[in-house]
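For reference, the structures are reproduced in the following blocks.
Note that chain A is present in both complexes that follow, paired respectively with chain B and with chain C.
Moving on to the complex of A and B:
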């Protein structure tokens, strides 16, 4: 197939349509400093030379610091079996094959992922996954608007401020009214997060009832591992549960790839975005798996589709499924309990700082240090600790506030050493 | 084959009077184009709709589309049988396959819609 670029006439026509005088004019909003300064690319090098060069670059990555950084992404242990299983060539493809006649394995894996997430959240339907936790929040907001035919979205203070910003960006041109608080009157939904961004655990059962009385939906953004211990979104009466799925078997990486989780009630499923795999029988009565409820999607409903999401994070979803299957229900409870117990142990060790949370926490909490959190974190980095998230950096707290996360990977020795180092860094 | 007592829209809805209210459905041509219908989403009773507002949705094995209100009004009833038997729309589009009923309708609005003869002629322009 020949590649035919846009002609000069076509470019002119496109520029005229958007009201740009020239290509330069079209890109005017990109600061000059961020533009490519030169298109002179050096000549190619041998594989051996490139391998050596990249190896040297990778040494600059810090993979040894003891990690207390959370804020939505957590340093959980990933069993080696996760990589071994998802790397099988039957699964490890560049794109998700959806044709049932040749993709029963992939479709069954997605179906089992959906089943696992439904059981985890106590809700009835899951989609095949979305991009990440933040886009899942946006998709839940627009899904609520379709269900209720309302255009107001209420964001509770517990929501991750990064997710809120993503919601505002995605919704900027959609005529959505985004307000803060928890009053469901006239709203499509109230979006809460549990545990909150600062780690506080709440029971939103009463808010769910208030939402339903006002004809609104309750959207709960949850932390998958925490559900080994705390009340599930479904048990609280949530209509849509969304999550960042990183804590389920996804390695920490700058920008992912991560996993957006979404589950909902049966009444709302036709308004849910994304692919859904269903179980059926073939002409001979044998069990099989197919994409279902496809009339929601772009290839059928075109511009009136529920979302422009028309794929999923299949390999990341498979990681989550393998991870959950390896842990099992009891294993997930053990991981959650270990995270919580270790966080409580550390909390007691940080007597020199003030706990910011106004309620119980799961594995993450905010402390107010005697000095600026950013400065303390920088000192700790030099001692081999990723100290946590200075809350002022995301506009979620005062200069001295530090958000600290503790996972099952942290040992007592690490907790003791970290508490001592943080005290020294912030009190001297 | 398009009943003469009904009025029609270019989106292939029909509307007909039944006492104080007006019944709305999709035409035989529309059901034939859609193929086997698998799901119908109906509006909430009591909902006020504007003329040409998306009021119901229909999904078939090969397509999905919206059903618009032919005139402004308030939904007074929906055909709940369609939730269990959406195929009624294929079998009897002008009868048991009705979608919803509208009250508070200004009868003059119907004069703006096509009669059966005009709709039949209009269909000649809607080739496959």
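Moving on to the complex of A and C:
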């Protein structure tokens, strides 16, 4: 059998060493009545056959349409060197760096990732990753509750409605009061998103001040690429910044694996969930890196831990770091500028539709079409465009509302053709 | 080695074509004051840097990695290749959200549907859901399902989850994050749940019981049916922590043992990579009682079309879409390749390999419990510690011998614990070389214990000052 190397002779010899007559003997501690009789699992198939079968499934999925679909997950360019480096098996076949001396590659990479995210958000501490953008919002909410010893969480209208639903699912049995709005009185935190789910860019500096005056924290869910241009959570006075890190070198992958990002201020770091890497030295004074503040974590604190997280998304964090290293200081600004400029170009071309946003937008905006967005989207699909996200499908708008995202990958020709096709589909 | 930030010389790696539309900026007040200080290096600088970092790591491809409880088996290259197919890797998840788009992701929906069916069948469950993103996330999901069940039945007085003292830390942590009190029950002298103590702890307030089976001592809980009946007698549900499913896959099934809910670790049992700490994947499986509450939306099949439905009593979304989908693709390929007989052989050889190590080492190291083990063998280094050599020293010495150390100091129930899990993918020569090294170290404990305190000496850094790290808390190079 592939991947299981033991030959019959070796099995025999090992059984002799063990002192067992047969492999069956080794399962004697399972009561006979509980042994499995049969199951409906097909016989194994060769690597060739399995690869072919999965290939046939994969080509039933559309990855060729010109993509204007966002809603929190974007079709950004990923340089080839990201995949090349992530494919080094010294990274992807290792596990959590419990033994730092033989895991310095992982640990230094995470330290560098933490550095990148602190610099990106203008905050002082980052963890080694959480699962994704939605679970990061839940972790930020419970972290705020630990910091403030309050049990109310205020969710601003700007937050991705899927994140809000995930927050409600995760907190269902915790007795947390989750309310809508932006009033921080008596709350552990106010959670906002910038740009908003509909793409609107705001400055939450005043809200941060109001939160602090009321003893609450401000949590900002951000879009990493946008920080190549827009005011940072740290500059606004946010206490915790969280993000879906997909836009930093993670393939869309039908939902994952993605990357949950979290950064915070020094005052809150001991209440932060997840692994954290710190710099130190060995006996000879050589610089090295270790997991630190582990007393926050489940393997030490069990039911009193800050979170139950164990496995995280470390390889995705490495992807983000390599991606940011390749884009560099100038490249991230260029990507942000291209996303914004191209979206603005398209917005101007859609004069036949009403813009739903009530302020400036970054690279995504919502339009109200003369007809149902789903119907228009179906027509556009036939012309090779993924037109965007009909907002009614996520309960975030009217039937005619369409959320359109533009990344650096879209060309002027594609924008022109898309604008014409959308006008035709929605006005005729 | 320098940080990438210390290698900046104002260079560029990726460049872009000139903008083909007019450049537009947001209003000044909405802009960041100065750009983020990201690396300014060439592509080769980046490639060299991360290649050098990778060489400061050991992984399964380069080293035997018998990290107990983590099932560090070989990660097949075929699974990596199929997960990289553009039809999976580039697929936008919102195609599943919009009914008008669902025709464009039928292959991916079919995969989710088929994998969820296979996972359920493998564990004797009614259904499974691949949304949970990691093992601990699956635990939390499972406990939330238990909570939904009790809420639905009006069992408002149930506020406690029972967890054995040998459990992974994630079990009590997940129960607490799902809003429950945690009650710990002790293990007996044989390393199993003490059934008498369990009976004493069990009462009407208990909502659920979380068990790992085989447990973290590497032993099968042979009283499992009695424990299940006792739990069910007070309407407490039984949770199966799938961390050790590798030991029993194809031999017995959690559903048949009486478990109501479980999580799978695709990165343990089903050979997907551990990625330096993740991404893993932690699908949940449920029996009849919890079927109505599964997270949604769920992939359903209408004749030959796949669509999404939110079950009426669903706890809702635990992930935005299908969890770590590309990890699920790898696990699906793994299951299809091994199939019926191959999966049964996984547990046979995982268990034989662990018992082989146990047999070869038990003369020099003290087994924590008598008898044979399942997929991992647990020793106590207490006799060595009495001579001044601790489990930590043995682990560090193993690094110098060319092996990743086993898990140490876990489970907490065993003093000076060494927990060794070889997995089924290692060959006999590797096991022999590891055992030879362990026996050599045991001799050094007798003859030259001081030599072991200096280990490791072959790594880029020696033992690191963890106290300094926690005290100074330098976790980012801010400038």
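Basically, the second predicted complex is superposed on the first by the 376 of 428 C-alpha atoms of A that agree within 3 Å, B and C clash if a C-alpha of one lies under 4 Å from a C-alpha of the other, contacts with A are read in each partner's own complex, and residues count from 1 in each chain.
Definition applied: contacts are C-beta pairs under 8 Å (C-beta built on N, C-alpha and C of every residue); 3 or more make two chains touch, one makes a residue touch a chain.
Note that the structure is predicted; figures quoted are calculated from it, not measured.
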Practice problem: Using the touch criterion from the header, give the chain among chain B and chain C with more contacted residues in chain A. | Solution: C
Quiz item: Who does A:99 touch here: chain B (first), chain C (second), both, or neither?
Solution: second
Quiz item: Where does A:116 make contact in the superposed view: on chain B (first), on chain C (second), on both, or on neither?
Solution: second
Exercise. Considering only the touch criterion stated at the top, classify A:301 as touching first (chain B), second (chain C), both, or neither.
Key: both
Practice problem: Return first, second, both or neither, reflecting whether A:309 touches chain B, chain C, both chains, or no partner chain. | Solution: second
Quiz item: Between chain B (first) and chain C (second), which, if any, makes contact with A:318: first, second, both or neither?
Solution: second
Practice problem: Please indicate which partner A:186 is in contact with in the superposed arrangement: first for chain B, second for chain C, both, or neither. | Solution: neither
Quiz item: Touching A:50 in the superposition: chain B (first), chain C (second), both, neither?
Solution: second
Quiz prompt | Partner chain(s) touched by A:161 [first = chain B, second = chain C, both, neither] | solution = neither
Exercise. Mind sorting out which residues of chain A both chain B and chain C touch, each in its own complex?
Key: 300-301, 304
Quiz item: So in the complex, which bits of chain A are touching chain B?
Solution: 270, 295-296, 300-301, 304
Self-check item: Residues of chain B defined as touching chain A within the complex
Solution: 38-39, 41, 59-60, 63-66
